[in-house]
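Take a look at the structures below.
Two complexes follow with chain A in common, the first pairing it with chain B and the second with chain C.
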Partner chain A sequence: MDFFLETLAGAVRLIFSADADAAAAVVVSLQVSLCSVLICAAAGFPAAYALWSARFPGRKAVLVLVHALMGTPTVAIGLFLYIVISRRGPAGGLDLLFTKKAMILGQAVLGLPIVISLAHSALSSLDPRAMETALTLGAGRVRCAVTMLVEARSGFAAALITAFGRLLGEVGVSMMLGGNIAGKTRNISTAMALETGKGEAALGLALGLILLATAVCINVLLKLLQGGGRESSRGDRG
Partner chain B sequence: MAELVLAGVVKCFGDRRVLDLGRAAVGTGRVYALLGPNGSGKTTLLRIAALLDRPTSGSVSVDGAEISGLRGGALREARRRLCYVSQHPYMFAGSVLGNVAYAPAARGAGRRRARETAQRELALLGMESFAGARAASLSAGEMQKAAMARAFATGAGFLLLDEPTANVDRASVSLVEGRIAAAAAAGAACVVATHDTGLARRLAPGTTIHLRGGRIVAGSRENVFWGTASMSGGTARFVSDSGVELAACAEAPVEGVCSAEINPEEILLSTGPVSSSARNVLKGAIRRIEVDGGRVYVTLDAGIDLVLAITQESREALGLSPGLEVFAFFKASAVRLREGEGPDS
Partner chain C sequence: MRTPRMIAIALAAVLAASCARAPAGPAHVSAPEPGPAGLGEIRLATTTSTDNTGLLAVLLPPFERKFGAKVSVLAAGTGKAIDLGRNGDVDVVLAHAEELEEKFVSDGFGVNRRRVMHNDFVLIGHPDDPAGVAGAGSAPDAFAALAAKGAPFVSRGDRSGTHVKELELWKAAGCNPAGKPWYMEAGQGMEAVLAMTFEKKAYALSDRGTYLSMAGKFDLRIVCEGDGRLFNPYSVIVVNPAKYRKANYLGAMGLAAWLTSPEGQAIIGGFKKDGKVLFHPDAVPED
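After this line comes the complex of A and B, so read on.
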């Protein structure tokens, strides 16, 4: 019990003393995961829209594959990309291994199926009259897509926030592709793994608390957005 | 004048054939009423005409160019000539003004001009005070009017309106009707699906399309006539707008403007005067004889265009041909009166 209380007290002290190592890890985490989630949005939203609006052979198979990829273990993605970008790999010349860019790449691959999947289901749960109305009012291809994005905005936001939450907390990709280099590629989750392994449980716990606080903030944001969405859909029916 | 033609359009949902049109054509500059009971295919017809659903077979064309088989960009372009308003319209997120301005903006108008058009259209339907309101907060009737304003703001040549007055109050009905008439006067074709026979009579005298079981039955083949009714004793006396008097049975007293409907199957025909118990006897010359589905439809010019259905055998036995003078008999109970609806009734 003493160990637990001491660790907790140490963690709280560390958080409020704004430990430089901890702060650096938080910055790397936010940088990498935000960049990844933006890439996921840029690639995932159009992909989800295409999967929803276009009819082509193999569409169902792609959807099943995307759903399956949502559960891919992070270490599997990490290992696969490690082979691709390591010096002897096909993309070795890019010198990406153990950089933040590699972490961003890995997390984007990890988050993409989540974003596509959730954005697709947000579009699928749209009122079918939404698209028809846009079409009969004369909207072109781009305007239709933008309109549907706006109509399904709470679902799209939920997709991004869910993906962001998963990316922020993952260890496998960050560890294998980033290498946990202090001040460069060490983020909250890899720092926690290291510090706890070294016996520095207080710093690990401090980082864990920060991660938890971030996750809570994200979820509160998600609930607020979904609340807004529900309100408007209730009004639409009335 | 542009013409929208639905030729041989058939729509099946599974085994059920919900629409089987011979040919339907509407021209710009007029209002057409689409009457028919629930499930008669009105909405299906409008949605196919608006290129939102594809017909199982048959084609939709504008000015001779087929538009129903198009895909991609050509389909989007063709859709811009038409606009469909659902009975339960969908409003996009945002303000009422934003929704109405969406239409001209989608058709290439600049932001400022789109908003001006939207404001004007809202004002024409008495909705200007709702411009800033959230579209989702509107009542069903207000939403229907906003959707109408949005449709008129498209400036499309063919407006396909599905029960546009179903939820709106009486005062608004005349506003909506006035707007529809004005759109037609400005050169659009308005096709209005409705249950309101009063609206059909006011907006589309002579251009009413009757649907039954997915088939177009000629306006006259329905035997729907407009006139006024008065009660005397247990029976009603109906005088058509053209001055023909009919005896009718009414379950509830009917007074004033109303429609009379006579089932063509309940009318008997003879080539000479016959004494019978039928209260209604009309004399007229045969104008037209049509054969459809094994039945022979004879149209008489009896002051009203009266259609009656007979068998092929009767036709031959009586030696019927156009121009022949014949008598039509039917009981008072064959005449169904319906009170007119709308502000002028």
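After this line comes the complex of A and C, so read on.
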């Protein structure tokens, strides 16, 4: 019990000591995971719309594949991208390995299937009459797409929240592609893995609590955006 | 509901702006930006023991200041560290497994191998020494006693220098522990293995430096030490620029020079934990 309480107390003390290394890790985590989630949104939403609206052979197979990829182990993605961007690999000339860009790339690959899957579900759960109404009112293809994307925005926000949660907490991609370099590519989760390995349980726990607090803040933020959206849309209908 | 939404949008905009800038430059990196005349960014793959003991934290900053360099440290087991050098993903390697190092050089991937320092390996166990190996005459005798008793043993299992040495000692003892129920291959760093050793009341081979730096955290003791076979030399090897032209060869040679210079060696010899020297300089030995 002593060990448990002391570790807990130590963690709380560390959080309020505003450690510079911990702050740097928080900044890296936020930069990398936010950039990745933005890339996931930019690529994933149009992809989800295409999968939902277009009819082409193999569409079902693509959907199954995307669903399956949601559960890819992070180290598998890390390893695959490592052999691609290693100096010995096909994209070695880009000098990406062990940089934040490499971490963003890996996390984007990790988050993309989540965003596509959940955005696709959000579109599928829309009232089919919405699309018909838009078409009847004379909207073109682009206008229709925009209307449907706006209609499904709360599901899209949920997709981003889920993806962001996974990216913020993942270790495998960040460790393999970032290299856990102090002050450069060390984020909260790789710092936690390191400190826990070193037996610095209090520091590891402090970082865990910071990670949790960060995730809560971002989720509250997105919920506010999402909640606001739902209210105004209800207003529109009334 | 209007105001929180506005705040949320504003915050989201700020976050988006801050992360849009992110990949452009290492704005928040604490070390000064290396000048045009500096050695630039040097990637060092090193064994976990040199990084986690805190040695590099005192050894590298004076070098970075003096030569306008930024050393990015990738801490991994020796096997992985040498692989990173072999793939050209780092510029210089600090390792402690002579056989792997020699192969790295003879295969043409590493050049300019220099001995930097040494410490020694120690066999660590529970303070009660339940398998009673403390009386063993030599390291292989101690390992043979562990195998005979079937005492729980935590192996690094990660091709690190320590793991390579441990396998060598099992061989010298005439045992093959692979697959035995008491033999646990952790596949983790030295610190994590020592933590497991404590939790499992087991035994483990450790470098003395890491053991000393962890001694205050776990109730463990040295049960075998001093055998000549437990000698643990560390060498620096530069990645061959003929294999990887984009490697920071000048920076790597500069770092290798620093590690083996009188200044660098004095820092190594003066680095202590609880009054004990963790690494003994070899390139410029103390008098």
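Rule of thumb we're sticking to: the second predicted complex is superposed on the first by the 214 of 238 C-alpha atoms of A that agree within 3 Å, B and C clash if a C-alpha of one lies under 4 Å from a C-alpha of the other, contacts with A are read in each partner's own complex, and residues count from 1 in each chain.
Basically, a contact is a pair of C-beta atoms (placed from the backbone, for glycine too) under 8 Å apart; a residue touches a chain by one contact, two chains touch by 3 or more.
Here the structure is a predicted model, which is why all the values come from computation and not from measurement.
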Superposition on chain A - do chain B and chain C clash or fit: fit
Contact breadth on chain A, by residue count: chain C or chain B: C
Partner chain(s) touched by A:6 [first = chain B, second = chain C, both, neither]: neither
First (chain B), second (chain C), both or neither touched by A:32: second
Touching partner for A:224 - first (chain B), second (chain C), both, neither: second
Contacts of A:151 with chain B and chain C, given as first, second, both or neither: first
First (chain B), second (chain C), both or neither touched by A:182: second
C-alpha centroid angle, chain C to chain B via chain A, nearest 10°: 170
Touching partner for A:88 - first (chain B), second (chain C), both, neither: second
Chain B versus chain C as contact partner of A:199, first or second or both or neither: second
Nearest Cα pair across chain B and chain C, whole Å: 15
Chain A contact footprint on chain C (complex, rising order): 1-2, 4-5, 7-9, 11-12, 15-16, 18-20, 22-23, 26, 28-31, 43, 52, 72-75, 87-89, 188-189, 191-192, 194-195, 214, 217-218, 244, 246-247
Parts of chain A lying in touch with chain C, wherever the complex brings them together: 20, 24, 27, 30-32, 34-35, 38, 86-88, 92-93, 95, 97-101, 104, 179-184, 196-199, 221-222, 224-225, 227-228, 231
Of all residues in chain B, those that touch chain A in their complex: 50, 52, 73, 76, 79-80, 82-84, 86, 88-94, 102-103, 105-107, 134, 136-137, 139-140, 150, 154, 156
Residues of chain A touching chain B in the complex: 127, 129-130, 132-141, 143, 147, 150-151, 153, 232, 235-236, 238
